[in-house]
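Next, two complexes with subunit A in common: one pairs it with subunit B, the other with subunit C.
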Partner chain A sequence: MTRKSLYFDVQKCVGCYACAVACMDQNDTDLLGGDLMFRSVMHVENMEAGEVRIAHVSTACMHCDNAECLDACPSRALRRDPESGAVIVRRELCIGCHACAMACPFGIPRFGGDGTIQKCDGCYARTRFGYAPACADICPTGALSYLDINEAMAAKQARFGASLV
Partner chain B sequence: MNDMDLKIKGKVPGPDSGIEVRKSLCAICDPNTQCGMDLYVKDGRIIKVAGMKEAPHSHGSLCSKGAALRQYIYSPERVLTPLRRTGERGSGEFEPISWDKALSEIAEKLNAIKDEFGPESVMFFAGYAKWARPYLTRFTMMFGSPNYLTESSTCATAMAMAHQLTYGAPAGPDLKNTDCIMFWSQNPSASGSLNLLNIQKKLDAGMKCIVIDPRVTDLAQRADVYLQIRPGTDGALALAMGHVIVEEGLYDKDFVENWTVGFNEYRELAADMAPEKAAVICGVSAADIRAAARLYATSKTACIQFSAAPVVHHTNGVQNYRAVFCLIPLTGNLDIAGGNRMNKPSIVYVPGGFPTREPQFMCIDRLAGMPERVGEARFPVWAKLTNQAQACDIPRQIRTGDPYPLKAFFALGLNCRMFAGSQDFIDALCELDLIVDVDLFLTDTAKYADYVLPACSSAERRELRCWPMGYIQFTQPAIEPLGQSKSDVEILAELSKHLGLDDELLESGMEACVNWILEPSGLTVEELNKHPEGMFVPGAKPPAERKYLNVGFNTPSGKAEFVSSLLAAVDREGYEELPSYREPEMSPVSQPDLAKEFPLILDTGSRLPMFQHTRMFRVPWARSLSPEPHADICPDDAAAAGIADGSWMKIITPRGQIRARAHLTKMVRKGDVHMYHDWPQANVNDLISGDYLDPISGFPGYRSSLCKIEAENAVEGGADND
Partner chain C sequence: MERGIPERETAAGHRLPEQVVVVGFGAAGTSAVMALREAGFEGSIVVVTDGDPNPYSPVLTSYYVSGRIEREHCFIWSDLDLSTLVDDMHAHSGIVSIDAGAHEVTLVDGSRIGYSKLLIATGAHPVAPGFPETCRYCPLMLRTMEDADLLRRALLSPSCKRVLVSGTSMVGLKALEACLDRGVVVVLLGRSRHIMRSAARPLVAKRFEELLVERGVRLRLAQSVSDVDDETVSAGCTVTFDCGDSEHFDEVILAQGTKPNLGFTCEGLEIDQGLSVDEFRRTNLPDVYAAGDVAQAVDVGTGERRVIGLWQNAVQQGRCAGRAMAAELLDLANPLPFPGSLASNTIHVRDILVASAGSLEEGEGRSLEMSKADDGTMRVFVYEGRGDDRRLVGINILATTSSKGGSNLLDCEIGKYRRAILNACLK
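Here is the complex of A and B:
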């Protein structure tokens, strides 16, 4: 069985932030009311080497298959959506212990004014009905896409092959 | 959750969820963009936006500005009724009044001014938005005033003038068919990002790429040759490239001989700008200049992707872009597939490959019998090449009354921070008897108006647009206008009635006007209404190649002009008929004494991807991505001034100072300060004099003046509105 997931291609990202805003639009993120962004876009540059290298990185929850946060959560506030495989949040169960934050290798979990976790749910309520997550749906360059990981890898492999000649 | 709850949470459209997708477009940035938009509507409210897959130009994507449109539309700061000023101008104190009262009072005052001082004493201005400009132009002509002005007095027009002076009309890059593209100060990561997919595809397929930009852009990293020049030295670089192309015999001899004038003079001018000389002026290597020149000239086809404003935001701006554009006829890349191609605009500046009556609709032939326009005497070539008055000359004419007094200003949107010496611009407007502003928000500038009329957004009105692949869309309102807000065109039509202009066509409404404009294309509103997502225009054609073979070029000589006849006809400093290079008026080279105290180059106006001038500042989704005013500076300059990354600093010019956070980045050259513009509490354009202008276009020299930076320890950010 193939399952789709979000795939990020750093070579295509130009840091336009469309994904971050589309995420807020999809989730009605009320920034002034204390909601937090699920997706971040970072501008990174290599300040050391002789040549300047600039890149942009868009990250949110990776929805890991072997999710450390799930194992760490003592209150079952995190669970796996069986259909999409997304790691989703039940904020009403969160006790604000930050165990997931300590476990997450990517620095994803955030905690709002009420102390409970806020993070990406993989738009599982959209993918269930065949719609891509809002971030991938909007991306102007195809840097963020929603597809079978092996398809993504095949495309990357083909690009690598082409770059050799 | 059951499926229904999930659908509502996921905003999945369908009869069961009650969510309907309505077709629209994004009008936040403009023109040539207008990404197709799906508006998800439930119970009369937009609950989500997405890119429209049917749109051939934006392929289902949006940028961060478009993605934030819902918060822009439903901003709690929308003006919802007509307002009449009660306090001092600028105080922001207004009272709501009815539309009828507002329009009657405005009409009465405008007609009284017209009777006493003549129609020319009333100015009609369009802000950044382009869609209603044809209607405002017509309205201005019907009122009898020559003074139709726009924000394009500081954006894009000077670029078009450089094209016009050189070969008669703007010639856009043919990305699709080219072998080599030269991005001359354009950064698609921050503006026009929907074109990136096409660019990346072409690069992946082997298209060569040259990037000229003072800042290391994403694209610069993928370029075959990248030239990080000192701001304002574009003309020297272009001449040096011409030098190499001529010296090495890489120019198109047939084209130059048959279709250009002034080549010998140009050859002499370029001979004096060897790459080694330009290397010193521009701060790049002579070898790279040669490499760029050879790559551009020897590629089978090559085009130049120019930008609307950066190169012409210099006191030598028009001549700099003239020098750049001379490379196009020099290499014969003019009006051919893969080169820079000319095409007539169909609707609102955009060529769609089909004919319309938009020029006739605007009635600009009526200018002929009218008094001279604002700025006409000061910028005669501007007046020849455009149908607008030059707004940068407004403060001077208001204060001197020369050649006639100005009394009233009517604006469809006005942002004074687009003008150098912004406060002075506003102070001058305050000497007028009447200021009316049509806007969505009570902006800092709108606060100076006597009446503010509430405009609605693109989602609440109809709007006619086309795209270069022959696509057209006449949008339908997705939601009812908020409050009492109205479409700008509806406001003009109603004001026309109150003024008694007897303009039957405009007063009969937008649909009638669209039918009239589209008549030669064979399209009708009835047909367009069947395609809310837009449609390909039957019979639309891509522009023919080498149209000059039949009709010549639209210049006085009928040929491409290295030596400009229009510039030669004006005997003034800065109007050299050849695109000779002058230093920016304020540069470390032209003013070495001043540069001792102000050693850094101040460059304002670069874009951030989430903002469009002031437009998205009040939208939390956009603003959260860049909450405070900041400038890009290089780590060496920061270290010398003792400024840490992210800390507050002062940017000081001979006119004043502002406070901004320092963003340390190796994207920028040592010696340059790139301050983002339009910040309410840090208006960098007010640090530049309103008279610091290009002599040909009247454009402000935003991208090159002198400043210094100092560490600043206080943390107050200052008042913030707009």
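Here is the complex of A and C:
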């Protein structure tokens, strides 16, 4: 079986924040204590042919294949989990140099009150036991899903097929 | 030539051992070894290093000196057991010469090792221009673990109360932070009018200086050392500056730049500021590669060839060299070339964070945009061209992590700007 990844379908997202809340629950995120959210949901308004088009986008670390944050980290606080392929964090090794923030094109690495990195770890503690990441598990519309590449392609093709009829 | 190592025949008909020799085992050397194995190279890898077989990250040395991390934390690959990737490790050794014709290196003990591919990844060493060499007082530096051990011991000594840090770029500022952490009085000396000459715009540097002063640092800018007296004092030295002032210091830390480690001979090897390499990290000599702080490659921000002494650059160059060597040895398709790095820095001293990427120079056809937010965050954008052709070529941001949201805003932005600059440069 091929390795699974998180997929996001902008057409299905209704901006309900369930993913962000599930993520905070999974990671015991203490916002008042200075922790940061790993997943954020944005509302984007665009003018298209004179009409306002509203979209919702849920973002977190993409666990890039060619993850520049990994190359930039001088303390190996960031590592690739060999099983899930996620870019995971060993916060106790982080020196807070912000080199990963400079390297990441998506603005993902953030720093908490103690100056060390906080970011999504792909819920590798769940996925290694066969569970989907908390954000995908909760998503009520299927906008966030945890699929292998064949499943993701099949879903995409089905959508394309539906658009033809 | 070693026994038992399979040989291969080159296009020119020479028989060479199927063996890669990697000289230097830091960021670039280890990345190359890992890339060779990942690419499927199963032949022999020999590592020659003047250091320990267990490599460390020089970036972490100042954090060890300051007491923020333990010594073993600096050996960042300890968990991987890199020795399993290497067939023959010559640690605490070094090379004295390369015979590129015979494809052989000679080690300090006189032994010779043949190679089919050779990578030079020896890094760089600190230089001390302007400090009298005849001086009995030995100034401190920061690069190796030995340097860090010495500096840590010096700062922990109860008699160490006043330190001069000479040099205001990355290493100088990291050393300064370690001194602040250790509670000693620090004077920061720089030849230029502002700190971080190449990594900060003057206005950003000025604000950084004000913040350092607020945090107890004394500055001596646009000054240099004119004399050092270690005869009439019992410990440390008295430094006289070119402005005429004299001050006594218990220790002096020199962080005035580095030079590539090229302490070997090699006929015909092209050396400028470092070893000139192409987009596959090949030098001008066949089968000799170079990567990391020892190599001079294209700075994609300016198009000029220079040494970029940064961790990420060393990792990416080492990996590029490893893949390129493996591709040739295994007759694989050429790997993707690595066009070069973009100079980018993040410097964090206490709660002050300064980030820069690309080219910050002013010049013809360039324009600057500056802003200062209510929380004190400063942004300088450097553009080239006008109208629709205008493109971002440099960015410089200063924020304080203590201001509400300051650093996290910077963190969200800086990588995007760096990528925009990189994409525009690579177009």
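Convention: the second predicted complex is superposed on the first by the 160 of 165 C-alpha atoms of A that agree within 3 Å, B and C clash if a C-alpha of one lies under 4 Å from a C-alpha of the other, contacts with A are read in each partner's own complex, and residues count from 1 in each chain.
The rule is simple: a residue touches a chain if its C-beta (ideal position, glycine included) is under 8 Å from a C-beta of that chain, and two chains touch if they have at least 3 such contacts.
All figures in this text were calculated on a predicted structure; none of them were measured in a lab.
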item: Partner chain(s) touched by A:Phe111 [first = subunit B, second = subunit C, both, neither]; value: second
item: Subunit B versus subunit C as contact partner of A:Gln157, first or second or both or neither; value: neither
item: Subunit B versus subunit C, judged by how many residues of subunit A each one touches; value: B
item: Touched partner set for A:His98, first subunit B, second subunit C, both or neither; value: second
item: Which of subunit B and subunit C A:Val52 touches, first, second, both or neither; value: first
item: Subunit B versus subunit C as contact partner of A:Ala72, first or second or both or neither; value: second
item: Overlapping contact positions on subunit A, where the subunit C interface meets the subunit B interface; value: none
item: Subunit B residues touching subunit A - in the complex, by the definition given at the top; value: 1, 3, 6-7, 9-12, 48-51, 58, 60-64, 66-68, 70-71, 188-190, 193-194, 196-197, 200, 204, 216, 218, 221, 609-610, 620-622, 624-625, 635, 665-667
item: Subunit A residues within the subunit C interface of the complex; value: 36, 68, 71-72, 74-76, 93, 95-99, 101-107, 109-111, 115
item: Interface residues, subunit C side, partner subunit A - complex; value: 27, 57, 59-60, 63, 68-69, 73, 76-77, 311-312, 315-316, 319, 344-346, 348, 353, 355, 357, 401, 407-408, 410-416, 418-419
item: Partner subunit B, residues of subunit A touching it in the complex; value: 12, 14-18, 20-22, 24-26, 29, 31-32, 37, 41, 45, 47, 52-54, 56, 123-126, 128-129, 131, 134, 137-142, 159
